[in-house]
Structures are given as structure tokens and as C-alpha cells.
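First chain written, first letter: the chains are A, B and C, and each begins at residue 1.
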Amino acid sequence: MDENLLEIRNLAVEYRTDDGVIYAVNNVSLSVKKGETIGLVGETGAGKTTIAKSILRILPNPQAKITSGEIFFNGEDVLVLSEKEMRKIRGNKIAMIFQDPMTALNPIETVGYQIAEAISQHNKISNSEAKKRASDMLEMVGIPMDRFSEYPHQFSGGMKQRVVIAVALACNPELLLADEPTTALDVTIQAQVLDMMRSLKARLGTSVVFITHDLGVVAEFCESVAVAYAGEIVEHGTVRDVFMKPAHPYTRGLFGSLPKLESTEPRLKPIKGLMPDPTNLPKGCRFYERCPDAEDGCAERRPDDAEVEPGHMVKCLRVGGGAI
Amino acid sequence: MTSLLEVRDLKKYFQTKAGALHAVDGVSFVLEAGKTLGVVGESGCGKTTLGRTVLHLLEPTDGQMFFEGEDITRAKGKELRRLREQMQIIFQDPFSSLDPRKSVSESIMEPLILRGGMPRSEMLSQTRELMDTVGLAARFESSYPHELDGGRRQRIGIARALALRPKFIVCDEPVSALDVSIQAQIINLMLDLQDAMHLAYMFVTHDLSVVKYISDDIMVMYLGQVVEKAPSNELFSDTLHPYSKALLSAIPNPDIEKKTERILLHGEITSPINPKPGCRFMARCRYASEECAMQQSLVECSPGHFVSCCKYDKI
Amino acid sequence: MKKRRKKSRLLDIWRQLRKNKLAVVALIVLLLLLIVAIAAPQLAPYPYSQQNAKLANAPPSAEHLLGNDRLGRDIFSRLIYGSRQSLQMGVVAVAIAAVIGILIGSIAGYYGGWVDNLSMRLLDIYQAMPMFLLCVSLAAIMGPSLRNAIIALGIGTVPGYARIMRATVLMVRENEYIDAARSVNARAHRIILSHIIPNAIGPMIVQITMGVGSCILAGSALSYIGLGAQPPIPEWGAMISDARNTMREYPTHALYPGICVMISVLACNLLGDGLRDALDPRLKN
């Protein structure tokens, strides 16, 4: 247990809106080992970003409420920490990168200053020392030092995302939450950024939660993967296990929906229907209505985690037992 | 036999403070009725501009366009109106491509109202038919876009494009903003519609796996120019241009059994403002040498397979 | 179908607005003001011009709640009738300004280029003249009357509306549904009327609400200097003006209409503020 850097237990988050209560995250448990990279995949509205924001406690207030669960970081429940203690963790021990590099940087400060600021916020060091470490960071993400004093608008999208990553890694965090960091980038640029992140990860030993909807990116970047659907983790295991032997019908459906370069099939095999309305989730299995393998009991009983092989968990009644 | 759409040496420049931006620079292609031409490239390669110029949403700077053998390059007024009934567009962003103040049926009906010459009851029944064709349940008729998910919104966009029974549709990244499971539904729908209505598509996207799936021919663009053009399967099996190769290898592959070697490009796309003559990919190409600085031209290396690289047979 | 849309949209705005208590109060105040203006003859205990020399400057009494002015007219009745003039000033002047402003703004914003440049530069010149001075000279040229004051106010405040409309249109124009409409052969006037204006109207509603307030204020000022409503027609600004000679002895004669102006302007501003929040999609949920 104590090798887990991050451990989420039975997390539930809801948003209260005029149109009703949105059950965004329902009873999610997830753990990240030291140095591990875990891919959190799922479609829009699966609750991926909400999980990440819960870890940092930056959910929109007052709409979002964590209704149950614990999030242990280094054995300490971050959900009960005071705001002051939380500030010491945010950006220092746990950092987050967002999808859109265009809005993540302050347009009126130089990129070097922004990195240096992130460093001096959490470390008592002199300005010149912070500056030096900031330019080291820039080098590390592959930006020549002479661009230290340039402004964000002088950078292209891929370069900006590198700066954002440099800001996030400036304090050498133990955990990096990356929310679709490459989705807004072109494929060749995405390849560059992923490559850079991979070597940085190896060098710094940072654990990463990589949120994405792209199974290809997970295959290339992550060691284990958690598949989110309607606020639940429906399948969880090593990339190898999940990709080679997907056990949940939703995971299998995702793979069937992907156009493959080698495929010669005349039509794709999409998952029928849509994600259930998060204000009105089905009583039994959340995937029941779209599931090609559904049985009668699936509408009534909610599946529990079942282990199909060591470390490969699946929430499906047809695979394992369920709760009421 | 005349082809449905022929574009010859099309150019679209934008005037900027820094000089002329060569968004589309000498693109030629032929599209037959009922076929799909995939246009791939990264942001800034001019693929979207190409689609809009073909549809006359932008005025071409130079070049010629023929629709069913007729020169449409400078079509105006009545001619343009007639032409637009045959050529339609499906947009990328299902959020911004629908007027938030118009209901589903109002959006789909708009083209019919604009064309006129039809009693309202007929328009309504055609609208219902269109909704049925694209798989939108009749109960959404008076819903508003913000009440619907991305997939359904994109179906509205498709129904609107089909309303005038066009022969040719520019699809500008129609599935990029959608989730994979929904994306597959929409791609299948578009393929079904193509079969049923004998539509020709110009499918603009940055996603190579999608484009392979749907296209007969594929055109790879880089900084406003076509660098390679080939039948779909051939482009993937026998990739010639160094940029196409890098692009192909950069696609993250969900198949963990098959690990492809990645060609990492250094640097990023250069500016399309006042480009130098010669290969535009040169600055990022690992095979670049002096001869690449000379004017490149698209050569046919095997039937139907064109490449714009002076060293394609040497690398 | 059309009805449903309007309804659901209004309902939506109302649901957002309801959260802002001050804005709801402001809305109620304005509605009351409107009722008072419409039902003035029924509500007012005396005709507004009925003089009674015996009661000149009389203090408040059971018959005359707020007392009488220097000509012995019932102040309470005059305040009630005055709401008609003030509301007219605000609403009609803003309507004139908004319609012209929306048209100029939409055309400038949609066409861009030299059309935009020309109209914006003309507005620049127009705005370089002090607004109030413009109103004063217009009213002076056309002669002092309530109608002319309204026209002057309306024309004088066009630039603000035109600018806001143009800025919004510039954003709306970038949406792909505008291209979609063009690609199915919609002509410019249809695109502007059916797609651009309905989508750009949100910020205008806020501006219009606040504009009513500032026009009431400016209208009162015009009347105060004798360029608005003419005696004996009661108008709050004119009433203050009327009371200025006896301000020391009977300060309440100026105070009551002053309070009326203040309350109605404040209500407009608060409602405008509330509407701004209610119409801003970013603040939803």
C-alpha cells in the first residue's frame, strides 16, 4: 500500500446546476505508484477532468461538491487539509497541465519570468538562482535559452505547451496531472512533445496521470490505463492487459470505433447510442443501454470491480459479481 | 467524360502586413462524381482555405475551377447561386456552425426557404425526411443546438448540407471535435449517404486514420502546396514524400503489438508569408540538400501517384 | 414554433435574473413606474395643472399628501403625471438610438473594410462633440419641446449603441453558421437580420436598459434648463427647475422629483447590471 503515491478511494463528485444534480464522478477508486504513468481515457463527460481537479481541490466552487471519498497523497488525505496546507502541495508536489496552452500562460509576462515565478513561489531562493533554474527548465523542454525573455505570443502552439510543461515541472513535482496536454497540437508536434515528456519523466521520475481520449497516445506513453465511463472507472489494468484483452464491452467498443490504418472493413463498428444523461444515471450498469452483450440482470444490478487477471479490474456483471 | 470537379493551379493569397500569405499555392486535382478526395495536413497547411475557396466562400487569387466541365472560377450572382445548390459544406465545430437561436428544423429548413419555390408544408415534410435520413429522431424538431450533444449537432449540419441535394460536399474536419464512439457513427453515416446519394466528398482533416478510411484518393498538403497525392491504399503502403512519412509515423498507434519507428521532425511549420522558391519542407527535412532549394514540381512516379520531392527515388 | 423559442429564451433569462435580488426589486420598481405612468389620470387625486392660489406652497396635508407648489398645484399628482414624461424621454429616446445604432453597428461589423472604417470614423467625429452640448443645440434649433428633446437625446446617444453592436457583430460574424448561411445562398440582409442581430442582441439589451436610466437623467436636465417638457406639463426635471427659486424655503419641492429621478435611474442601472449577468453565458450554471 505505501508504495502508492496517490490513492483515490470511493471518490464521488457532483455538480449542482439549475437543471439538476450532475453525478460527474461516482465511486471512483484509483491508485498511482511512484514513477508510474497511468492513462485515464474516456469520452467527453466521463468525469476525467473532474477527478484530476478533485485531487488538486480546484473544483469550481460552489457548484461542485465532493460528496464522499478520500484522496491520499503520500499517505495523507488531501481532502481534509486546510487551504493553507493545500497551497503548499499545489504546484509544488502536484502540478497540472491543461489542454489549451493558449490560455494557460499570462500574455503580459515573459515565459522565463513565469517559470521563475513558479519556482520562487515554493522555494526560498534568490531571484538570480530562480532565473538560472528557470532557464535550465527551458533547456530541458527543448527551448533554447535565448528565448527566455520572449512573450507567449511569440511562441507557436507546440512551444507554448512546452513552456506550460516547464512551468508545471519547475518545482520538480512528484505527481503531474496532464489533462489532454497534446490534444490541441498537430500530430507531428504531438509526437515531439510526447517524446520530450517521455524523456523528462525518465529523468525526473515523476508520476503522471495522463488524461486523454486518444487510445493511441495511451499505448505509446502509459504503463497502465483506467477507462472512465459515465463517472466510473469501468476497466483498469496495465496497458498490455487492457489493450490486448479488453474485458469491458465499452472498452471493446472504443477499439471497434477507431479507424485503423490496417483495416479493410468497409464500415466502422461504433458503439450505438449515447452516454447516459449524468443527471439521470441508469439504476444498474451504466453501460447497459449501449451494451451489445447486455443481459436482463444488467439493468437492475450495479457491477462491482472484478479481477479478470491479477491487476486487471473490470466492472461488468458478465465478468464478475455485482452489488445491488 | 467530364469529371465533377476539376481544380487547376488554384492559388489563394491573403494580404497581411508582413507580405502575401500563400495559404493555397498552386493546387490541382480532379474529383469524380461519387468519390472522396481526402485532404490531409497540419494546421496552417491551407487545407481549410482550399475547401472554402472551392466553394467560393473565399475569392480565388489565381487558377481555374471547373464544375461538370463548366468554368466556375469567377462565378457570380445567379450562376453562383445555382452552383451553391450543388456544392455544400459540413463544418468542423458542431457548436459554432449552428445558429444557437434557431431550432433544429429551422436550421435544416433554411436552405429550402432561401431557395424558395416550394410551399411551406412541402418544406416541413422534406425537413422531416432529412432528419430521418441523418438519424435524428423527430422529437428533436424544435430543440435548440445547446440542448443536444456534439454528434446530434453534427447530424443537423449534415442534414442542412444535404437539403439542396448537392452533388459535392466539402467536409471540413467533420468528426475532429467528436468523441471516438460518436465519430465512428458519423463516419458510417457519411459513407452510407455517399452510397445512397452518389455524393462526392472533399474530406479535409488532420487525422490520417480517418482519411484513409473514407477516401479514394488522398492529397497531403504542406504550407499551401500538395506534396504527395495518391490513391488511398498506395499512399499508406508506398509513402514517398519525407513529410508524408513523418506524418504517418507520428500517428499514435493503439495497436501495442505493432510498434512503428517514429520519425521525429525537428522544428515547426515555417511561415507561409512570402515563402522562398524551392521545397517548403526543406528546413525540417532530414534529407535536405542543395537541390531542394530549387523549384519542386509534382511528378507522377507511378500511375496516379504524384510526389513533389526531387529525391523521392533516392531516399 | 416561434413562440416557444421566445418563451424558452425569456424564461431562461428570468431564471438567471431571479438569483439577483436587487435586479428583481429594480424590475418591480420599473413595472410599478410603468403602471403609474399609464394609470396616471386614475391614480392622481387632482389634475396636474389645477391651480389653487390659496394653497400656494402649502405644507403636506391629508388632501395634498406632499403639499402644493408655488402655484398651489398638488405636488403628488404632478409627480404621478411627471412619470409619463420621464419614461417617454427614456424609452423613446433609447428606442431611436438603439434602432439606428444596431443598424449602423451591424452593417459596419458585418461588412468590415472601408464601410466599417468610414462609419467608425464618422462616429468618432460625432463623439468628439460633447453629447449634452449636441442635445442642447439640437433642441435649441428645433425649438424647445418634449418631442424635440427626445429626438435630440435619441440622436445624441447613437454612437454608444453602434459601437457595442459593432464589437458584438465582429465576434458573431466569425461563427461558422454565418458561412453555412452564405453557402446556402443567404443574402447579406437576411444574414444580418436573421442570424447576426438575434445573436448579438444580448449586450445591447443591457446597454438599452442602462440607457433608459441615463436618458431619463439627461432628459430631466434638458427640462431643467427649459429645453424639454414645457409648462404646465409636469416633468421631474422641470419641476426641480420650477422649485429652484424657492429652494431655500421649500426644499422638498425640488427634493421629491429629485428622488423620483434617482429611483428610476437607479432601478434601470440595477436591472441592467442584473441582465448583464443573466445574459452572460459564462456565468451560467
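The rule is short, and it goes like this: a residue touches a chain if its C-beta (ideal position, glycine included) is under 8 Å from a C-beta of that chain, and two chains touch if they have at least 3 such contacts.
The structure displayed is predicted, hence computed values, not measured ones.
Novice: In terms of C-beta pairs in contact, which of A-B and B-C ranks higher?
Specialist: Output for the comparison: A-B.
Novice: Taking each chain's centre as the mean of its C-alpha atoms, which one ends up farthest from the centre of subunit A?
Specialist: The chain farthest from subunit A, judged by C-alpha centres, is C.
Novice: Rounded to a whole Å, what is the gap between the Cα centroids of subunit A and subunit C?
Specialist: One centre to the other, that is 51 Å.
Novice: With chain centres taken as the means of their Cα atoms, state the distance from subunit A to subunit B in Å.
Specialist: Their C-alpha centroids are separated by 32 Å.
Novice: From the C-alpha centre of subunit B to that of subunit C, how far is it in Å?
Specialist: Averaging C-alpha atoms per chain gives centres 50 Å apart.
Novice: Can you name the residues of subunit A that touch subunit B in the complex?
Specialist: Subunit A residues touching subunit B: 43-44, 156-159, 186-192, 194-195, 213-221, 239-240, 243-244, 253-263, 266-272, 274-275.
Novice: If you look only at subunit C, which of its residues touch subunit B in the complex?
Specialist: Listed in rising order, the residues are 1, 4-5, 8-9, 174-177, 179-186, 190, 195, 198-199.
Novice: Once bound in the complex, which stretches of subunit B touch subunit A?
Specialist: Within the complex, subunit B contacts subunit A at residues 42-43, 149-151, 179-185, 187-188, 191, 206, 208-210, 212-213, 236, 246-247, 249-257, 262, 264-266, 268-269.
Novice: Considering the complex alone, what residue numbers of subunit B touch subunit C?
Specialist: Contact set of subunit B toward subunit C: 52, 55, 57, 81, 84-85, 87-89, 91-93, 96-101, 103, 105-106, 110-111, 114-115, 142, 144, 157, 160, 163-164.
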